[in-house]
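Going in written order, the chains are labelled A, B and C, and every chain counts its residues from 1.
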Amino acid sequence: MPIEVEDISFGYHNNSLIIDGISYNFQNGKFYAILGPNGVGKSTFIRCINKILKLKSGTILIDDRNVNDITLKEMAKLIGYVPYSAGDSFPLTVVDTVLMGRHPHSKIGSLVDDLKKVHEVLEQLEIMDLALREFNSLSAGQHQKVMLARGLVQEPEVLLLDEPTSNLDVRHQMEVTKILKDLCDQKGIMVIMICHDLNIAAKYADELMLMYDKKVYAKGTPSEVLTPENLRTVYGVESTVVDHNGRPCVILDDFLKQS
Amino acid sequence: MFRKNASDDELVQKYSAYTFKKMVIIFGGILTLFLLMGISITVGFRDIDFFQVYTIVFEHITGATYEYHSDEWWDDWIVCNTRMPKVVAGIMAGIGLTVSGAAMQSVMKNPLADPYTTGISSAAVFGVTIAMIMGITFADINGQYGIVFNAFIFGMIPAAVVMLVSRMNSISPATLILAGIAISYFFSALDTLVMTMATAETIKSAYLWQIGSLDGLRWVDLPLMTGIVITGSIIMGILSKKLNILSAGDESATSLGLNVNNYRLLCLMLLSLMTASIISFTGIIGFVGLVVPHVCRIILGSDNKFIIPACAVLGPIVILSADIIGKVISPMGDLPMGIIMSFIGGPVFLMLIIKQRREMW
Amino acid sequence: MMSADEFVKKYLFLNTRRLMFVGLCAILVLVLIILNISVGLYDISFWDSYRVFIDHIMGVVPQTLEEIREDRIIFGQRAPRAIAAACVGATLAVSGAAMQSTLKNPLADPYTTGISSGASMGVCVFVVLGISIVPGLSYDLGMIVNAFLFALIPAAAIILFSRIFKASPTSVILIGIAIMYVFSACSSLIKLYADPDDLEVVYRWGLGNLGSANWDNLIYIASAGVISTVLMTIISRRLNILSMNDESVMSLGMDPKKERALVLMAVSLCTAMVVCFTGTIGFVGLVIPHIIRIFMGSNNTYLIPASAFAGAVFLLAADSVAKVAGTYDLPVGVITSIVGGPMFLYILIKQRRKTW
């Protein structure tokens, strides 16, 4: 289910634009990582894709259908969204929270099937032992896994993830990203993930989109995008990029004073 | 070694400009208040010229005396003995209620909170009803002071209960609010119970007491209210920085060195005292405690360092304006200020909520 | 490692416990209805009441004078009142639970859309000023219709404003407060110039009492109770989702602003329907859901039915006390607050789980 983004812009209430003239082609079954400095508009960008935010200008076509013609409910069956945080803590158990993700699909009497799906995802993410805990009693990393579970349970064709691993330890970061990669390879789900860890992105993603100054600064394979020049301009860091098993690996040397 | 460079100065400059603007607004408010005081005294059954008001007050302070029962004597007497105390009371009520409201909203972390959220108003009303209907008072003094005293003592009961409750379990603001509501319902029901034994006339007098108004207040009524409100507001002003920290969340606040529970209790006690001392004399003045802090936040942002003083200025402005309008519409002076504030203030508040886009809460 | 089937079984088992709690409350409702019926000025024992009630339903015709009198009292007077109490309690509790989830605020209750201030003003306008929106009705009916129609005005205004200006839940609450102030002010104004007798009528109306329930108006009260409970239970999963932040709600396929407006409308209609007959009975709608949450958690699928039955039980009990305790025919709202207040406080202190 390809997604075509054509020259889109977005801003709040006639204020200055947050993203300005971004175009991109997302193809079926690939793993995309979106990188860029804080506040550059990465979250804003992905929220435009699944209609959480309304575009100021430009069009987005999902499978050749204009996003404006797709209802929120249809969207929920196509795209799963994993937010950075769940907002206010709500006193539900983990199972009930994840179960909410079945809403676009569930019908009367589908509870057992829904539960089986929840079970499958909880096992996959290794959080089965948390199943009956209350959501607000969990740590931030556990929150993130539950949010991911909720997104996965939607059985979407596309997954949009806003920094799904930033609160996880290194092992879980790799594990979760690997799970996403497997979903991509084995089930053909398109993964679009906002990521702050350059090396994790480099290791797993097929294509990187580097954002800077409200636009797309660079796109392509990890090796193409993660160059010391790009990193210097966009992040303001001095780095060395080495090759490891065919993928680039970024080693940070220093950071530059802001001018 | 760190050295100050250009951008540091720039930051200091920008912050100063930012605070300067707010100071100007507050200062403008104080000037308006001063004017309103004058207007408030001017309007009334016996017309006194606007500028003369200030002269009379000045001369009174500097010890002028007049021939008994002469025109000047009457002017002086009306201004200084009947209207001034009402104006001062109005100012104190405005300061006390709005500062309490702002503090309550921060402490309870809920935009719906106002000074009466812990149930003070219901308890005070109950105290008054008991005094009126059953003649039970805490003091031997009957009549006017018995009622006031009852209102105050009963008004402090919910505060005491809430404090006790929160000592036993350290509970969240949401639970505190719910406790306050339970207490409020309880006293309200007791009040109703007692009222069923009352005649229609008593119901009417109890109802009239309850409506907030500045009528009938004299200088003798003021010392308690004024003392508590001024002390309380100053203390609250000093503590306003800590109020900001509280809104960052309990854990963050504790890690910044604030003893959250104790601080919350202190604030609650202060504002209960202020509120109880005011409503014992004026009746329940609603609206200002809830709405004025919100309006201040819309204009000045959510920094309590500015909100508290701003409320202390805007509150009296609102109350005095309502009083003036009331007197203009009905020279007999029997239109209570609470009604006017709600009538005019309600739609104004509504417009402000709609106008502002920014999520301030 | 649990298999999928074991997992499903365990989940359903845990929820079975909740269902049993709901069932228990339902049984309590039935018991209390009979209790309520048996209480009153004319002494009829619990089992006699039960017998008379069942006999009448079965179509048994009363023979002796004694039986006829009992039948008339129980079926003519007390039964409608008891059923009304159950339905009113259910409506208020369910509406409260729904409002709290939708507006994400523990302070919300069925009257947050301004129903009480609107109805109050409707009654003031009718009793003091003699104005009735639908002319030509009898005194009682006129007051009821006025209360109902006026109750909906602030609610409609709040919902309209919220939709047009796309308000967040907090803003909805604030808008509600602003509108309520205006209506309250109007009522106060009217009350100020009213003579004491009219004022007393208005005052007593506002306290809430179930005395005006009879077989004619029971159909309205009962439909409010049944509709609100059934409707909210059906949409309970949507209510669960609505209590999350807006972007999560949208990502699951629901438009949060639209859904919120719909819930508010449903709650307002049901609550107004109840309030216009009984006056504003406070406390039930706010506190019962919280009490149930302490026992059952916040999952609306169980919270709503449990609140409905618990609300019914509570109001039936309070009404029974009101009937017994007073030659004054105490307003039931007084009992709910005097008993409920301290009880709630006690539970708040004792509870370990953080429910909010």
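Throughout what follows, a residue touches a chain if its C-beta (ideal position, glycine included) is under 8 Å from a C-beta of that chain, and two chains touch if they have at least 3 such contacts.
Just so it is clear, the structure is predicted and the values come from calculations on it, not from any experiment.
Undergrad: What pattern do the touching chains form: line, ring, star, complete or other?
TA: Topology of touching chains reads as a line.
Undergrad: When the contacting C-beta pairs are counted for B-C and for A-C, which pair yields the higher total?
TA: B-C
Undergrad: Suppose every chain is reduced to the average of its Cα atoms; which one is closest to the average of all protein Cα atoms?
TA: Of all chains shown, the one whose C-alpha centre lies nearest the global C-alpha mean is C.
Undergrad: Compute the distance, rounded to whole Å, between the mean C-alpha positions of subunit A and subunit B.
TA: Roughly 50 Å separates the two chain centres.
Undergrad: Where the CA atoms of subunit B average out and where those of subunit C average out, how many Å apart are those spots?
TA: 34
Undergrad: Distance-wise, how many Å sit between the C-alpha centres of subunit A and subunit C, to the nearest whole number?
TA: Here subunit A and subunit C have centroids separated by 44 Å.
Undergrad: Mind pulling the residue numbers of subunit C that touch at least two other chains?
TA: 354, 356
Undergrad: Residues of subunit B touching subunit C in their complex?
TA: For this pair, the touching residues of subunit B are 110-112, 161, 165, 168-169, 171-172, 174-175, 177-179, 181-183, 185-186, 188-190, 192-193, 195-196, 200-201, 203-204, 207, 211, 286-287, 290-291, 294, 334-336, 338-343, 345-347, 349-350, 353-354, 359, 361.
Undergrad: Per the contact definition, I'd like the list of subunit A residues that touch subunit C in the complex.
TA: Those in contact with subunit C are residues 47, 50-52, 71-77, 79-81, 83, 86-88, 90-93, 95-96, 100-101, 103-104, 106, 112, 115-116, 118-120, 123, 128, 131-132, 134, 136, 151, 154.
Undergrad: Which residues of subunit C touch subunit A in their complex?
TA: Subunit C reaches subunit A through residues 1-2, 4, 7-8, 11-12, 14, 104, 237-238, 240-241, 243-245, 247-248, 250-255, 293, 297-299, 353-356.
Undergrad: Can you list the subunit C residues touching subunit B in their complex?
TA: Within the complex, subunit C contacts subunit B at residues 105-107, 161, 165, 167-168, 170-171, 173-175, 177-179, 181-182, 184-186, 188-189, 191-192, 196-197, 199-200, 203, 207, 282-283, 286-287, 290, 326, 328, 330-331, 333-338, 340-342, 344-345, 348-349, 354, 356.
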